[in-house]
Amino acid sequence: MSEFISPVLSYSLLSPILVVFAGAIVGVLIEAFASKSIRPIAQISVAIGTLVLSLVQVWRIRNSGSTTAAMGSVIIDGPGVLLQASILIIAILAVFLIADTENFAAAAAAIPGSPEERESIARGQQVTEVFPLTLFAVAGMLLFPVASDLITLFVALEVLSLPLYLMAGLSRRRRLLSQESALKYFLLGAFSSAFFLFGAAYLYGYSGSVSFDGIRNAVIGGTGNDVFLLIGIAFLSIGLLFKVGAVPFHAWSPDVYQGAPTPVTAFMAAATKVAAFGAMLRIYYTSFANAEWSWRPLLVGIAIITMVFGSLVAIAQRDVKRMLAYSSIAHAGFLLTGVIALNKAGLDASIYYLFAYGVATVGAFAVVTLVRDSAGEVTDLNRWAGLGKRSPWVATSFATFLLAFAGIPLTSGFIGKFSIFSAAYESGSTAVVIAGVLSSAIAAFFYIRVIVLMFFSDPLEDATSVVIPSALTRITVLFSVAITIFLGVFPSPLLDFISNIAIFIR
Amino acid sequence: MLVNNGLVYLIALPLFGAAVLLLAGRRADRWGHLLATAFSGMSFVLGAVQFYQMLGRSPENRSVSQKLFNWISVGSFNVDAGLLVDQLSICFVLLITGVGTLIHIYSIAYMDHDKDRRRFFAYLNFFIAAMLLLVMGDSYLNLYVGWEGVGLASYLLIGFWNQKPAYATASKKAFIANRVGDMGLSFAIMIAFATMGTVSFSGVKEAAEGTSQGALTAIGIMLLLAATGKSAQFPLQAWLGDAMAGPTPVSALIHAATMVTAGVYLITRSNFIFDAAPTAQLLVVIIGAITLLFGAIIGTAKDDIKKALAASTMSQIGYMVLATGLGPVGYAFAIMHLLTHGFFKAGMFLGAGSVMHGTGDEVNMRKFGGIRHFMPVTFATFGLGYLAILGVPPFAGFYSKDKIIETAFYSGGIKGIIIGSVALFGAALTAFYMSRLMILTFAGTPRYDINHPPHESSFLMLLPMGILAIGSVTSGFLLARGDALVHWLSPLFEAHEGHGEEILPPVVISLMALGVVILGAAFAWFKYGRNPVSDTAPTEVSVFTRIARRDLLQDDFNESVFMRPGQALTRLLVKTDEVVVDGTVRGVASATLESGAALRSTQTGFVRSYAALIVIGAIALIAAIWAVTL
Amino acid sequence: MPESILFWIMAPLAVLAALGMLLVKKAVHSALLLAWVMITLAFFYIAQGALFLGIVQVVVYTGAVMMLFLFILMLVGVDASDSLTETIRGLRPIAITAALGFGGLMVSLIGRASLGREPIGLETANAAGNVQGLAQLLFSTYVWPFEVVSALLITAALGAMVLAHHQREVARPTQRELSEQRFRSGSLATAAGLPGPGVFARHNAVDVPALLPDGSPAPASISETLRTRGDMIDSSQFQLDQINTEVVEEK
Amino acid sequence: MNYLTLIMAIPLFGAGFIATLPQTKSLLAKQLALATTLIAAVATILMTIKFERSNTALQFIESYDWIKAFGIKYAVGVDGIALVLILMTALLAPIVVLAGWNESEGGRWSTKTFYILILILQTMSFGVFAATDVFLFYVFFEAMLVPVYFLIGGYGSGERSAAAVKFLLYSLFGGLLMLASIIALYVISGEQGGHTFNIAALSELEMSSTTQNLLFLGFFIAFAIKAPLFPFHTWLPDAAKSATPGTSVLLLGVLDKVGTFGMIRYCLALFPEATKTFTPLIITLSLISIVYGAFLAIGAKDIKRLIAYTSISHFGFITLGIFAMTTQGHSGATLYMFNHGFSTAALFLVAGWMISRRGSSTIADFGGLQRVTPIMAWTFFIAGLSSLALPGLSSFVSEFLVLVGTFTRYPVAAVIATFGIVLAALYILIPVQRALHGPTTPGNENLADLNLREKVAIAPVIAVIVLLGFYPAPALNIINPAAAHVITQMGFIDPAPTHGGK
Amino acid sequence: MNPTNYLYVSALLFTIGAIGVVMRRNAIVVFMCIELMLNAANLSFVTFARINGNLDGQVVAFFTMVVAACEVVVGLAIIVTIYRSRRSASVDDASLLKR
């Protein structure tokens, strides 16, 4: 028996993740021991403090690169750091939304409509467990794109997923829908993890190793045929594609986006996408890069179907959250072109796109939380009619995000689309670029329809009102707008920053 | 070539007058007509001075030019805004400004009661300017500007009383017909530029030598098309009758004396092209011959005094065009007839206007009769014009028309006989319808409302009529004496060797012409002079008469061949645009929407079907793997 | 050799049990069949040199996880049986085709696969004992995910708390408070407590209201939860004259 | 001095300034907008004076790095073609503001917003003509859709939001096709010595003919939609009908020119071979546009739609001139763009006044206006004459140059196009007859004639129309060298006279 | 004995699990089917561990069990919550969110 090697962990490189874990545990302890009255403020402070601290840590390690930060389970490198930073920024914005009142169930365990629930609402309660749950999810997301073996990847996947399953069911209003979305998310999520795991098994079988590097070596110097490799790639991809919401593994996302509390939707739509694409980029760019002949055509097909499907179905939506969900499906298709590109430009573009898209998404959902009537959020698009007249600033912000999604110049979305499509074209994937351009045209259709509705339609009788945004929500919206426009007009600093440090190390 | 920097004032004065009258608005109502008349008169004086100076120079040095500025210059396409006055132009200048000024004077009285008289004079001045530009431009493109300018003036004047929809339509019709002709002028210019690289008269004349027959023929035919439009020649003649909607002085000036003769000017001016393109020249003759008869036949059937005169104009211009088609020998005669016709036809139109003025704007000759008793001066001046147009010696028409008939006969072979006979027959018809007109109007028993007898017009109207009548009497003699005009113009044309084959002595032809004129007049006398005339047109008439009354079906033809199909095409295209072109756009949009709605149904809400979707996706992936690893 | 015998006996049984899981109506039967499959797998693990896993499989999976399942099944109604008729149109044929296609393709693919190397076996790896080998990996190479898994456990606990734990908003009233409340409520009718459910001698389940002296049912005798849910049985059907008293003699 | 940046900045500053005003100060907003546009116009005129006419190179060049990672620069510069279009934009803007003094009042939003949008649009328009970086051009090209969209949808009439959406989607679709081509160019440039968007550098790329053809189409369709060319025109009548007259002027006068300008600047310069390949097709489309647009104008019942259709016909001429590849055609087409801006402005503004007085845009609702409102009728008539290219008015020079330039290379095309001038007479004179002539339609007896503000607004337009008709040299002198340069660059030589000649 | 046989079994079990998810309506049974799929994956891991001669696969299987246990807790909590709200554990009843 070989000697036991004591594990060495590089705490400084892991500190962003560790800080978040620690914050989550502090949150749990607050739940356990703090009195109800101070819980909300304490939780918010801890959550935001944790995330900011973690962001600071990320900044400090931005130029470090290491494959041995956690005994080979984690690789800290440029792309990882950038993605972690993106996740953290998005998470901070999302936490601002989560911290706003009126979003989460008063008592999640109470039966909807029961006296107990009424009692809790009357007492002004709100579940505060969402904060530690959020932090756990963030921790999982931070780990997901830097994981460098299949075990860590799988564990991180579950760490980020489980809290989200739970959070989806915690809505204050329309709780049946919320719980339904939690159930759907959970069942399908678990289903897809099974595929993921099965794929991981075959990759392990093919390469004899669970580390990405081992798989890469096996791909390069593999003996025998590729059947196991291909099965492995296919099934592992199903798990990842499920997370990013690519067709045909997308079906959960509209339902979950609609049912979940809007701040949670914002969080998972933006941050999950970053994390999942981060992991995809790493694994496809490193482990599978030399087998690109096998997966690229498949991904091209999926990307095209995803873009077109997402754009087409979004047109038919009458609910703003569902529409954003389909839009996010379409964007998953666009982002897949970055994976397909398989070059440095594609990597840079994907990271840029993920950040820009994530921020705009959080902003868009933040606006959704503001449009309410007496029964809570109003997501029926027809009732958004005339919003521009009553709340021009809210409507203008939303329009900005929609224009960014549509890829209109001078918004971040345009630079993102341009860079990602040009990277894909550079790699020779012309078909996917053309499909992307065409579906952008389709997508513009429904973004513009919403703008028309807000600005050019007269308000309906049963007016929805826009709540005065709380300071935190206001920060989220304003920051998102500012970033969206700034990145559209002066993308250079970020682009240069990304291109300087975004290099995968092995 | 001499340069004279004063030429531009000829044009600038009336143009300035028009601008002042239009811009000053109602403020100029009181003195506007006088100013306009003065400007027109000054132009005439300038023209006369010019003419006088020309007379003092040797024939080769008579043309003067002025370069105003470089107008359009792109690559090798280089056109100056330049003026040219030569022996041909000066004839027109004098005619335009002279007759024009007379008509200005006439109109002061004629339009006295119209509250828009100022506007009328502005248009008249504008017309003078445009027409002068037409005849003074030194290139086809400059001519084109004047060409369309007179078209615009004509449009404005025909539609002067455009509150009547029919008049407005008439003006539009005139403009459109002219535009068709203008298209010909455009083509001609384009071909000229493409083949010769220049569009100035001198340049084209120079280059015509080395240019292929085909190109020249094409240019010639296109110029002819332009001429048919402007000069109301077949097949673009239909607008002229309707153009009588304008005030009568307009008909006299524009639609009798000057503008409609612009086609003759154009062909004459382009003699170097037609001389080198016999096919085009033959076509000119044919068009002229057809129009000559066409107008004459229409003239026989018209009861509207102005329309009868218009038909006569068309026919007379047919003579001129025919003459221009006869080559070097014909040009001078065409111009001569043009000038004499300018006098007598303008005079008759003014006379007709005077009659109308005296009878309360009645134009139906069947409502006249015996007017000579009430309007002796008008009768006298009109009668002199009548004799002139009939070609009775020694009145003006005798000198000009007989020459044309003669030249037609002498143009050679069977062609000469045919066109000569046509011209002769035209003369007979002319005699018939003009006599009919005279008889119906001035002779016979009164058919007007006895309670409102006609009255003679004012001096201001009678003065121009008198002057023109003098012209009708003397101009032919003056121009023909010693072949004055022929010699005057000869430096412009290719030298020609006398007449063609003289198949008959000139005297015989003159006698024949006189004979047929007497026959025609006599026939008219028998038909209208001896019997009382009904004050409504008889309805039981032959089909030929009916066709003649309908202007030989010219409008029916245009309507069924161009207008209706055009309207149908328009409707079809509007429909096409809506259903096919925009329909495709909307179809794509709605197909997108519908496919979105259809795909939406895959989202059933059942977790199990979502799971099935994932399984299907997985199967697709492994099926692909299965296929590639075979 | 013994392994093949084990395999060829256990594997078909496992597959059959798995298929049975799909086809049986009652969820609890499915659970038991699943437990069987898991135990089979435990055998397979042990047979393949994964002794530790085999034991953990039995302890954790079959023991803990499956018990949790059964527990929840009890909670939601152990009797509940699934109707197996398909209600979503077109799903069954798709599912069956998918099953055949998926299974067929997988089997065909695995049959076609080659690794280009012979199976090595775990003799070397397990040389120092399977548990020791695992431990070495777990606590050195994979110590990071091992630590991270703790987050998962906390999440699970937290989740269960959020969704299932009712935090009491008001202190539970004491016996004394309750009886004082009863007496002070104005009417003394309920001072002695509400009647208990059940029709004496005939049917005494909690969902059958007691009969009042006049023979009418007393809804107050039923738990409020059942009443609001509507799970109340009409007690009149248990009146003596309504009951079929015919005695059928057993043959 | 950085004129181009300056003139782009002026409206933007004005917009920013207006944005700070309170909602109620709408008069001040109007005055500020007018002042801003006037200042911009003066600056542009100064720039035009400074422009070296004989120099065919780009002038007033500025270039700064914008997005270094992609080699994108903020690079501007003008040649004669771009300059006249910028000048046209600068001159039209104050006129539009003055002419449409009250048109913001029926809108969905405040007056202030209206002028902010107008001024932003002006900046974008300057940018789109001045950009010498393809990416920068694209940014302006797309971004200028947004203010127009809000101008139509927010201040228009009738089915305004549907029209706005149709306009935006159609344009976006074209823009995206162009984006695909731009991406391809970017990638190809990267393969051939470094990513760049500089037009001059891009025009030297080596491409296979298939690539060139495809990329050409990407650009061309975008421009054909913008211009618009048959069969991509159907958005225009709807948009023009719904927009306010001032917006319509900017839409047809300025925005649509981007399409034809783009053809010269991008299609021709970047893809000379593909241009040659597609010339027959494009000439055919141009001819169809000329005739088809004219027929639809003849059949139009709505005055604004009519003007829109006439523009389709005119854009057919412009495209024809561009692809005739002769100096006359090119100069004519460019001059046509300039002139069309003014003649359409005149038509639309006067039509707008007529409509706002009558409350209807159906031609049949007018009649006899010449008696009631002579000045308005006259201005409309003159504008109409300019539209039908009457000699002596500015459009004639350009139209004739296009025809002559086309004839020397493609005689048949020129012949067909010439038929357009007859149709033009019809489509102008028919509405003139219906609206201005005839008896005064009941309800129109008391319409007011133009007031002083309106006269002041329209007078310069008419003046330009007349002056350039008689003396086009000032414009042609700027255009000619640039147009000739394009032709030379493309490797074309004007056909020599076939016979004789001097 | 050839370990590949275990792979066949694993694949079959995985298939059955997947189809079970599609075919069964009871949320708990659906979830059990997912567990079956995870077990199938585990079997593959163990088999591959044997083939490859290292213990990594077994470690993964071990992790899977832990993860699955957590997942079960969360999943069942959600199912119970739904059941309490709707009195039904059928996944088909939870279909308000659609289209």
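For reference, chains read A, B, C, D and E in written order, and residue numbers begin at 1 within each chain.
As a convention for this text, a contact is a pair of C-beta atoms (placed from the backbone, for glycine too) under 8 Å apart; a residue touches a chain by one contact, two chains touch by 3 or more.
Note that this is a predicted model, so its numbers are computed, not measured.
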Practice task
Assuming chain D simply isn't there, give the groups of remaining chains that still touch in a chain of contacts.
Solution key: one piece
Practice task
Farthest from chain D by Cα centre, which chain is it? Let me know.
Solution key: C
Fill in the blank from the handout: Ranking B-E and A-B by C-beta pairs in contact puts on top A-B
Completion exercise
With centres defined as CA means, the chain nearest the overall centre is D
Exercise for the section: Just grab the chain with the largest centre-to-centre distance to chain E, centres being mean Cα coordinates. Expected result: B
Completion exercise
When centres are defined as mean Cα positions, the distance from chain A to chain E in whole Å is 25
Exercise for the section: For chain C and chain D, let me know how many angstrom lie between their CA-based centres, rounded off. Expected result: 73
Exercise for the section: With chain centres taken as the means of their Cα atoms, state the distance from chain A to chain C in Å. Expected result: 33
Problem - Inter-centroid spacing, chain E versus chain D (mean Cα positions, whole Å) - result: 65
Completion exercise
Residues of chain E that touch at least two other chains are 7, 14, 17-19, 21-25, 30-31, 42, 47, 49, 51-54, 56, 59, 63, 67, 70-71, 74, 77-79, 81, 91-92, 94-98
Completion exercise
Multi-chain contacts in chain A, i.e. residues touching at least two other chains, fall at 108-109, 151, 155, 158, 162, 165-166, 169, 183-184, 187, 191, 195, 205, 225, 227, 231, 254-255, 445
Problem - In chain C, residues with contacts to at least two other chains - result: 88, 91, 94-95, 98, 102, 106, 109-110, 112, 115, 133, 142, 145, 149, 152, 155-156, 159, 162-164
Problem - Chains that touch, pairwise - result: A-B, A-C, A-D, A-E, B-C, B-D, B-E, C-E
Handout entry: chain B residues within the chain D interface of the complex
Key = 22, 69-77, 81, 141, 144-145, 147-149, 152, 155, 159, 162-165, 168-169, 172, 175-176, 179-180, 182-183, 186-187, 189-191, 193-198, 203, 206-212, 215, 569-571, 573-574, 577, 581-582, 584-585, 589
Fill in the blank from the handout: Within the complex, chain C is touched by chain B residues 604, 606, 608-609, 612, 615-616, 618-619, 622-623, 625-626, 629
Practice task
State the interface residues of chain A toward chain E in the complex, per the touch definition above.
Solution key: 108-109, 111-112, 150-151, 154-155, 158, 162, 165-166, 169, 175-177, 179-184, 186-187, 190-191, 193-195, 197-198, 200-202, 204-205, 208-210, 254-255, 258-259
Problem - chain E contact footprint on chain B (complex, rising order) - result: 600-601, 603-608, 611-612, 615, 618
Handout entry: chain B contact footprint on chain D (complex, rising order)
Key = 166, 169-170, 230-231, 233-235, 292, 295-296, 298-300, 326-328, 331-332, 368, 370-371, 378, 385, 390-392, 396-397, 400-401, 403-405, 407-408, 411, 414-415, 418-419, 421-422, 425-426, 429-430, 433, 436-440, 470-473, 476, 480, 483-484, 494-502
